[in-house]
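Following are the structures in question.
Below, subunit A partners subunit B and then partners subunit C, in two separate complexes.
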Partner chain A sequence: MSDQTHIEHDLAPGEEEQHSVGERIVGYVVGLGLALLLTATSFFIAGTDLVWQPSIPVALIVLAIAQMGVHLVFFLHITTGPDNTNNVLALAFGLLVVFLVVGGTVWIMAHLNQNMPPMDQFIRMHS
Partner chain B sequence: MSMTATVGRAHADPHHIGVVIEHRGPAPKRIVTAYGFWVFLLSDIVMFSCFFAAYAVLVSQTADGPKGSEIFEQRNVAIETVCLLLSSFTCGMASIAADVRNRFWFYLGMAVTCVLGLIFLAIEFREFADLVSRGYGPSRSAFLSAFFSLVGCHGLHVSAGVLWLLTMMAQVFAKGFRADVLRRMMCFALFWHALDIIWVGVFSVVYLLGSGV
Partner chain C sequence: MLGKLDWSAIPFDQPIPLIAGGVVLVAILAVLIWVVVKGHLSYLWHEWITSVDHKRIGVMYILLASVMLLRGGSDAIMMRVQQAIAYQSQGYLPPEHYNQIFSAHGTIMIFFVAMPFVIGLMNLVVPLQLGVRDVAFPTLNSVGFWLTATGALLVNLSLVIGEFARTGWLAFPPLSELSYSPGVGVDYYAWSLQISGVGTLVAGINLVTTVLKLRTKGMNYLRMPMFCWTTLASNLLIVAAFPILTATLAMLLLDRYLGFHFFTNEAGGNVMMFMNLIWAWGHPEVYILVLPAFGIFSEVVSTFSGKALFGYRSMVLATMAICVISFMVWLHHFFTMGAGPDVNAIFGIASMIIAVPTGVKIYNWLFTMYGGRIRFATPMLWAVGFMVTFIIGGLTGVLVAVPPADFMLHNSMFLVAHFHNVIIGGVLFGAFAGFEYWFPKAFGFRLDERWGKRAFWFTFLGFYITFVPLYVAGMLGMTRRLQHYDVAAWRPWMIVAAIGMAVLSIGVICQIMQLVVSIRNREALRDRTGDPWDGRSLEWATSSPPPVFNFAFHPDVRGEDAYWDMKIAAQQQSLEHEVPEYHDIEMPRNSPTGFVCAFFAAIMGFALIWHIWWMVILGGIGAFATFVVFAWRDHDEYVIPAAEVAAIDRANLEERRNLVSMAGAI
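After this line comes the complex of A and B, so read on.
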């Protein structure tokens, strides 16, 4: 029975599997290093002339998503392990709502903008 | 329940999707509390996504006021980002210290986290005060309204986090590393790390993308 509970046991969000203190600290140091690297790259890319300019917004968004991933894995300890299923499912639902809200808003408002001429033009059309 | 069947299928089915587990009673309180707080954090992130959506829609509605590239100072934002990132790291160190019940490293980690959070808040407050004094307050344009509500809402969360941090230090001082205090500490660490994740979105979308426009 006692060796069974190990498999069935869930992990709380933010909780790690059994690790020594040294291993846990190394995890945070690796996460900090990766996050600093991605942050520095973001700030460098935003101000540089070295890369093709239209690629900069896409690169910034990709770097931001990568850094959020680093934070989730190394600081919040959300993994794909079997003891993390509930936490990952809640996260997936949250992400779904976030993408629906942001993507839907930007999509709809861009269309409304396109279908609505500026006010002065609008008044001229109807006078 | 046949134990051998569970062991055999656990390898083929690591997430126990096809396994019916008999009820063993409620999960430990530590897991229930942290899971509930995780759901709250996700709903908080959903709320922030509404502010992000409003900002994305209103970013070009400057009403002949300043554009983002004219008011953002990248150097300040870089300092704020490094402060928050380092504070996330020291918060992690403090929660490890709490788990091994080491008071010295717990107080040190929490104190450094607090100082870094206060530096972040001071820089942000100075930026806001500077903008308002130049006449670029939240009522100047729709862009500035969206900017102040998004960044200000994050700042309010950080302020609440600093208050919670001081409460945790006081509780450990007064009550020691009791189980309930450790549960609160775990929720606080989750909260602080989640704030850092939201700040990654803020500095990327608002400050870096905004300064290119």
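After this line comes the complex of A and C, so read on.
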């Protein structure tokens, strides 16, 4: 369907702007390098005693989010370009749904025993 | 060698499934023999089974849904008869059979009737409404359809080989765990949904991409017909929600196959997590079904009122609001699970809020009709019947969204009546409206109006006679899924409901008669113009049935109601167009990928259910090999030469001009 007409900057699948092979390889290699670096740092931080211990979980979360960012930019090609509005919106919708489902699940599951008698008192009463 | 499969899997001692299975088998064989003897096999293979044309795939989806509607409907008749006679007696269905029937009824009606029906209509219509030549991924479309059909095949296979789940349509653990359901029933359920779920997911991805990426010139978002908007919202929900179903069923399967403990009673499993996850999918699912129906009604109401849709932008906003809020209400399916007042109150309020955009839509349809010149053709009858019925269903829905009321009504017949009220009154009426409305576009002739109206009235009245008694029975304290009961006060209502089921069945027979009569009279009912209803959107701008390439030229859209504007413009200017210059058109080649892939998936699913491990590996390798072969294809498009395009398009234009000039002469 090569004569597909385009709306503004929105392109049909497979018709995105073609970068040269070299450019693309550089992009992927940089992405791979960053991803490996972040992974290695995570493993290093988890096992080290060089940093203040309670900061380790926070550091791991930060590294994990950075890892997601690297994947989005270098492998999934999320950019701020005009042809990327759909992708960014899709990402936002996905994040919203994940937030609602995961957050909602945690909240619901934490409140499931609301109508139960407090178990510790219960045990104390009967012992 | 054959895992758990042996001769004891065939239910020789149970006459009902055996005879039913036998009749179906004979019917299928008869059709196959007829196809082979008459020499239609080649036509069927080249034109339908391997077709990647979105219109043909849409038709096959709808055919699958219609056949499965008869299966699910037979289950419904059996249940209503059982409850009508099982007062202080066992009825005619033993409990283990009755339990399979209500589980199969729910599973089939949602996954293999409602889903394929709406996906079929979206497939058929959306590319035409957008003014494009196919969906974004034509071969994937075919794969999606055939995987859905595979799921349906496995569910029906359970009728004669083994058994189906006895757990209800969502297979709640711990009942669905190995310790309480050691048979293959739950495995049939889970694997058929896993396989058809993949099909649904690829259909969702395909349609989202189609709406976002393939629109004709000038068709920006706020010029899209309402049905395209609801398609977008519904498929966004598919893409977001179906992975949850897949993951949840995968965890259940891990419990059953590999001794995991996600949802078991012992070893730290939590059954409540299953309820939570399955409904996190299940609630968006009901909007996946009903949003396309809303789109169909928007098209129908606007066309048959001869007016543009009232409040188009508020309709878009309401659709997208429903799309997001549908992910915030799932707890209302398990208010009684014990989450306490804070959680219940928030989800109860969210459930009431989601009724607001739906109310906006109802008012928009009413105002579209207001002051319009309304034609009560069959699709419009379904639309008006929907509005009345759906409002009642919506009101009982808001009632059960109040947690204290839900504690009384949970799992009662009132609930059963409520969700049938919205699913039949919303989704099924919508599917029938769309079927009547777009049938001429798909096949080139209209459906018989007389039989159509009979079908509507019998279905409409039959629905009320069946389900109003269930509301009453629920108020009287009757719970759902009862194989027999001893309360005298329920009896009369069950008998009335069974009579209503008979009236509903007459409606279905009328629907079949309508098809038979229309096919017989197809020359008289022929639609030569491509625009039988005086339509407003682009699907009516091409011939009926449309050529394989849909449009010789990509239409140039200048506003909402694109085709209506074109007609107005054509009337104001002269009818003579300058002779356009035709170009070659490239179209995707047909591919057996979908069928072959589904063939191996069916083998794999069957083998997984019966623990035939060598066959699982065989099926898996086959499906993967099919994918690899497809990925290595050399040419995937063929060219329709300009001369052929010109010949087809000129014939169509000629018909249209004749008609317009005839209308002018009158």
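Following the convention adopted for this analysis, the second predicted complex is superposed on the first by the 90 of 127 C-alpha atoms of A that agree within 3 Å, B and C clash if a C-alpha of one lies under 4 Å from a C-alpha of the other, contacts with A are read in each partner's own complex, and residues count from 1 in each chain.
FYI, contacts are C-beta pairs under 8 Å (C-beta built on N, C-alpha and C of every residue); 3 or more make two chains touch, one makes a residue touch a chain.
Note that the structure is predicted; figures quoted are calculated from it, not measured.
Peer 1: Going by the contact rule set out at the top, does A:Val51 touch subunit B (first), subunit C (second), both, or neither?
Peer 2: neither
Peer 1: Once the shared chain is lined up, is A:Asn86 touching subunit B (first), subunit C (second), both, or neither of them?
Peer 2: Both partners, subunit B and subunit C.
Peer 1: So, does A:Ile61 touch the first partner subunit B, the second partner subunit C, both, or neither?
Peer 2: It touches subunit B, and subunit C stays clear.
Peer 1: Touching A:Val21 in the superposition: subunit B (first), subunit C (second), both, neither?
Peer 2: It touches subunit B, and subunit C stays clear.
Peer 1: With both complexes overlaid on chain A, does A:Met116 touch subunit B (first), subunit C (second), both or neither?
Peer 2: A:Met116 contacts subunit C only, not subunit B.
Peer 1: After lining up the shared chain so the two structures overlap, which partner does A:His71 touch, if you call subunit B first and subunit C second: first, second, both or neither?
Peer 2: first
Peer 1: Report for A:Val30: first if it touches subunit B alone, second if subunit C alone, otherwise both or neither.
Peer 2: A:Val30: touches no partner chain.
Peer 1: Between subunit B and subunit C, pick out the one touching the greater number of residues of subunit A.
Peer 2: Subunit A has more residues touched by B than by the other partner.
Peer 1: Would you sort A:Trp107 into first (subunit B), second (subunit C), both or neither based on which partner it touches?
Peer 2: It touches subunit C, and subunit B stays clear.
Peer 1: Same subunit A residues contacting subunit B and subunit C, which ones?
Peer 2: 1, 4, 7, 10-13, 86, 93-94, 97, 101, 105, 109
Peer 1: Give every residue of subunit A touching subunit B within the complex, in rising order.
Peer 2: Going by the criterion above, the answer is residues 1, 4, 7-8, 10-15, 21, 24-25, 28-29, 31-32, 35-36, 39, 42-43, 46-47, 56-57, 60-61, 63-64, 67-68, 71-72, 75-76, 81-82, 85-87, 90-91, 93-94, 97-98, 101-102, 105-106, 109.
Peer 1: Mind pulling up the subunit C residues that touch subunit A in the complex?
Peer 2: Interface residues on the subunit C side: 132-134, 136-137, 209, 212-220, 236, 240, 244, 270, 272-273, 276-277, 280, 324, 327-328, 330-331, 337-343, 554, 583, 585-587.
Peer 1: Can you list the residues on subunit A that touch subunit C in the complex?
Peer 2: 1-5, 7, 10-13, 86, 93-94, 96-97, 100-101, 104-105, 107-109, 111-116
Peer 1: Contact residues on subunit B for subunit A in the complex?
Peer 2: Spelled out, the residues of subunit B in touch with subunit A are 3, 6-7, 10, 14-16, 21, 24, 27, 30-31, 33-35, 37-39, 42-43, 45-46, 49-50, 52-54, 56-57, 74, 78, 81-82, 85-86, 88-89, 92-93, 95-96, 100, 186, 189-190, 193-194, 196-197, 200-201, 203-205, 208-209, 211-212.
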